[in-house]
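Given below, in the form of structure tokens, are the structures.
Across the two complexes that follow, chain A remains constant while its partner is chain B and subsequently chain C.
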Partner chain A sequence: MTDSLVKVENLKKYFPVKLGVFEGWHFENGKLKRKRLYVKAIDGVSFEIEKGDTFALVGESGCGKTTTGRTIVGLYKQTDGKIYFRNKPIDEVLKKSPKDFKKNVQMIFQDPYSSLNPRMKVYNLISEPLRVHKLVSSRAEEREKVEEIMVNVGLEPEYKSRYPHQFSGGQRQRIAIARALATEPEFIVADEPISALDVSIRAQILNLMEDLQEKYGLTYLFIAHDLSVVRHISNKTAVMYLGRIVEMGNTDEIFTHPLHPYTKTLFDSIPSVEKVKQPLKVTIEGEVPSPINPPPGCPFHPRCPHAMERCKKERPEPKEVSPGHFVSCFLY
Partner chain B sequence: MTAILEVKNLKTYFFTKKGIVKAVDDVSFEVYEKEILGIVGESGAGKSITGFSILKAIDPPGKIVDGHIYFHGDDLIPKSEEEMRKIRGNKISMVFQDPLTSLNPVFTIGYQIEEAIKVHNPHMSRDEIRERSIKLLKSVGIPSPEKRLKDYPHQFSGGMRQRVVIAIALANNPDLVIADEPTTALDVTIQAQVLNLMKRLSQEKGSSIILITHDMGVVAQMADRIAVMYAGKMVEIGPTEEIIFNPKHPYTIGLIRSIPKLSGRTDKRLYQIPGIMPSLLNLPPGCAFAPRCFCKTDICEKEMPEFEKVGENHYVRCFNFRRIADDRQSCKS
Partner chain C sequence: MKGIFKNETVQEFFESKEAVFGLVLIVVLTLAAIFANFIAPQNPYDLKELNLQNAYKPPGYVADGIRFLLGTDDQGRGVFSTILYGMRISLFVGLVSTVFSAIIGTILGLIAGYFGGKVDMLIMRLADIQLSFPALLIALMIMAIWGQGLDKIIIAITVVGWVYYARTVRGSTLAEREKEYVDSARVVGVGHLGIMFKHILPNVLAPVIVIGTVRIANAIILEATLSFLGLGVPVTKPSLGSMIASGYQVLFSGYWWVSVFPGVALMLIVMGINLVGDRLRDILNPKLKR
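So, the complex of A and B:
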């Protein structure tokens, strides 16, 4: 086996749709049956993250990128498929030694206004994981450790007895990062860590995340919708659409040679200061279909300018077009 | 080029229990015929309040304390609420960020579009109004508009809802549309569709747009001119190419440099502006950006600089822009 830190194989996560009392009933062979509907948030996703990588998942809202992140850290139980952490399936790890897994896998959420308990002081927010995982033996050690972490994420240790509402958005995200770092994890899932922040603060948090990665040898799964941020921070990128990965590979390769029609569309439609006064290109019309009844075949075919008969029936499998660059499209 | 809107020394303050919040402080700018003016800045910079002030839609404890807003040469400030109502949604209209909250959930979208037309055209017949609504929905790219008039907002997707809001804003062929973060709630592929639609329709109808956003990329591609706001003040204004390629104010410079590039990284680390925007309740004396500036001098902490012309239509509010332009190294000493 390769030395991948996290490996995801054919991961699926379906959420049942709640139906009204009278909905969904029908007769089948003379028997009354009830139809079940599912939101297919992730529908067969596979990838590997090597140690030290920053692996980015990009896509529009509803494509399943957040669900993927949450399933990997164990916040959701997968419907099907396997997730391996250090080559061990996480179902088993979570059963045998859940604390060990949770110590090594942490998460940073999008909105630092709702991810921090407003009634807890910064000191308690950061020391909680230390206590839960019994990483410190005395109060003095705990205090020292909290202060050390605060300095590492760029917070003044004097502020430790303040509450989250006394901080700005950027500082709150620093607290959230400090909390995630407290257990000295190997792997951090960062779910849109900068999208709720102001433009001039984003660069600060991105730089901090890079510095910490270098210092502690962290591996990131970076979930984002902003392509320029992905280009900057990640070395591997996977583009998701309607619960599936449509293209995956080295970030530089994906950005210089995008192949999947959806990836190309994304690049065309993102506004950038590098495209001054160029009209925004609209290469596709329409919107993302509902994940409750995803179109058969390739999920992108209803919007794809190159759709063929085959795309409506068969589902394209990932194909390696150049080393490490996978595309799920019949054009290649 | 003729200016259809002239904002002069506008001051909108909020009188809160904690003190006076100078949300918009001495802001002046013009909007020319058929142009798109982008206003960029962080949250709390005063860009939305500037937009609301133009329509005089400021609720207490907020108040426009000083300044003039000339619309076609006519000052809006002394106008009564009744006179303003004839302008709002007619000559000047607004598109808000979140289409879910700007549409009324209990009325059909047909009712809401027709209302916007009826209020300003009391003599129009029902059939005429209906016809115009259908035409409007068609022009914003909503398929089978006759049927969709009977639908409620929740039956539309986010992008479609924003198209409806744009249709309402354009219902009376306004001279000026104030679009406050019109695509922030939308996905990128939908954002491109909606922005293109706005640009095309404004060109067809000859309306000007004030595009308020925090996304530099959006204004770089959409706007003819860009105004940059910081802590309630406008710090730089100029043609789009000038602002993006030749920014003069240290805040604009920092803002543009701190955006990661789609074409890949140039420096190892991303440029970052240190610190955060000060609270509007206790702004530092002098230039509000001074505490974060890489080129501040003693005077910056005492006085607020005035606008200086640095190029054709390009103005900047900074004491040290010449030093910054000559040699950035000299700032460090």
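So, the complex of A and C:
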């Protein structure tokens, strides 16, 4: 377990809530004080990703999965906790040799319509990482390299002098992948890379990502809300709810033996061909509580069908129910 | 050059008759100003060519083998020739000071919007303070401190103008900064300067062009105003503003042409630029698009 590529320990990320001028003031012990509110986007998340794995992070929107990805690549600074890359804490690495870290850790963004600078040609988009990290020594080498990467992600090299708006969503995502791949990173955070794409193109992009993983020995953190996609691409899965991981384990195990009530309801909510005749069961009630004021104890207890008195007070810790399968629930 | 007419923006520009009229006006007047020494029958800036006996002659007067199409002023300068030479100064000052203030304002706006916090606060409060004074007053203060001359006028107009660019660019930068392509650049490892100038700048440039066009007209008017007040160019080299000033005293003594024709020339320049500027604003601001 020590040779993991990425290790996240008790990661927390709180965003301060902007209050109006007159909001939040109150008296405390006779003194006028101002309450500070935080959105607890991630509230104590731990996991490890081994080299060559595809680790999927699943959850409803707003559960903190994107924030987790963005914190790992260094776009956000964590409030608390540690992130290790090759057993070195990233806040130190980012201070000492940020270029080295950024060369090895890349990100694919959700929306290929906004993640590519509309004023840059494809050639410049792909060659920029090469230039920033001084990976090529001449113009000719640069051109060769860009064309090679374009071929690898399935883009025609002739398109290199086009602008992003001249491409379809799938092709744009290929450009984004090419850009992330240019520095030959070890680890790529893919933040819902296919959810903004047409259903018909999703499989292509997924297959491309798998092929590239095989070819370059990539490790992925795959963020998704679509469970069917996760089953296809990942070998480890973690389910997030309200800033916490509620269940984590091998993808097959999670899909065949989901234990946490939240994971179960997630699976029940997938519409499927067999179930099409009967109306979908509403297995989960209510809305996700606000991460500004998360419920005490288990974050899922207000919506959980098995909620006990204990769930309202205590926060369940992850428990290893079978090798590598962790659940944070008092039922087990 | 051929491809430029296939460009969507360019085609859209030519759809408006007013804008085309403005563009033609600017081109004709600019060419006339550039080639003033070939078109003008007389060099009004060369004292040797002036004859005081020709002072205050009405339009169409012929003397010394020169036909004074638009009359002469108090020094015997042909108004037509002086307008051509004066337009040179006006257009030069307008263009140069606008380019300078656009560069300075854009850079400061980018810095303010990108870094935010105290830097933003400092730059924007400075802009607010400056905006609370009339532009002319600031220009007058600068001229009072540094003295007269063409270079001082340019400095004064530059200082007056940067605020408009800085405010607009800051606003657009604040919006662009949050877009995912900026995050993408950050993940790739591009530094602050690279993100500001290579990524954000090209995306906030459209409004700068629009403000630039409109501000050229303002700069020209400001230069004319300063010259009118006697603070601008040397008296031997009158610009449009100082011509209007010199004729203004005798406007009701029958010598109307000394002021009126330079005034018309100034109006035509400003009108042409504003017509083009308005059209550019309509095209480049997607919110105003039909």
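Keep in mind that, in the parts below, the second predicted complex is superposed on the first by the 326 of 332 C-alpha atoms of A that agree within 3 Å, B and C clash if a C-alpha of one lies under 4 Å from a C-alpha of the other, contacts with A are read in each partner's own complex, and residues count from 1 in each chain.
Convention: contacts are C-beta pairs under 8 Å (C-beta built on N, C-alpha and C of every residue); 3 or more make two chains touch, one makes a residue touch a chain.
This structure is a prediction, so every number in the text was calculated from the model and none was measured.
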{"item": "Simultaneous placement of chain C and chain B on chain A, clash or fit", "value": "fit"}
{"item": "Partner chain in contact with A:L266 - chain B first, chain C second, else both or neither", "value": "first"}
{"item": "First (chain B), second (chain C), both or neither touched by A:P296", "value": "neither"}
{"item": "Partner chain in contact with A:R179 - chain B first, chain C second, else both or neither", "value": "second"}
{"item": "Per-residue contact with chain A, leading partner among chain C and chain B", "value": "B"}
{"item": "Partner chain in contact with A:E210 - chain B first, chain C second, else both or neither", "value": "first"}
{"item": "Partner chain in contact with A:K102 - chain B first, chain C second, else both or neither", "value": "second"}
{"item": "First, second, both or neither for A:P118, with chain B first and chain C second", "value": "second"}
{"item": "Touched partner set for A:V73, first chain B, second chain C, both or neither", "value": "second"}
{"item": "Contacts of A:P305 with chain B and chain C, given as first, second, both or neither", "value": "neither"}
{"item": "Which of chain B and chain C A:L227 touches, first, second, both or neither", "value": "first"}
{"item": "Centroid geometry (CA): angle chain B/chain A/chain C, rounded to a multiple of 10 degrees", "value": "80"}
{"item": "Three-chain overlay, closest Cα atoms of chain B and chain C, distance in Å", "value": "12"}
{"item": "Sites on chain A touched by chain B in the complex", "value": "60-61, 168, 170-171, 198-204, 206-207, 210, 225, 227-229, 231-233, 252, 255, 265-282, 284-285, 287-288"}
{"item": "Residues on chain B engaged by chain A in the complex (per definition of touch)", "value": "42-43, 157, 159-160, 187-193, 195-196, 199, 214-218, 220-222, 240-241, 244-245, 251, 254-256, 258-265, 269-274, 276-277"}
{"item": "Contact footprint of chain A on chain C as seen in their complex", "value": "179-181, 183-190, 194, 199, 202-203"}
{"item": "Touching residues on chain A, where the partner in the complex is chain C", "value": "70, 73-75, 98-99, 102-103, 105-107, 109-111, 114-120, 128-129, 132-133, 176, 179, 183"}
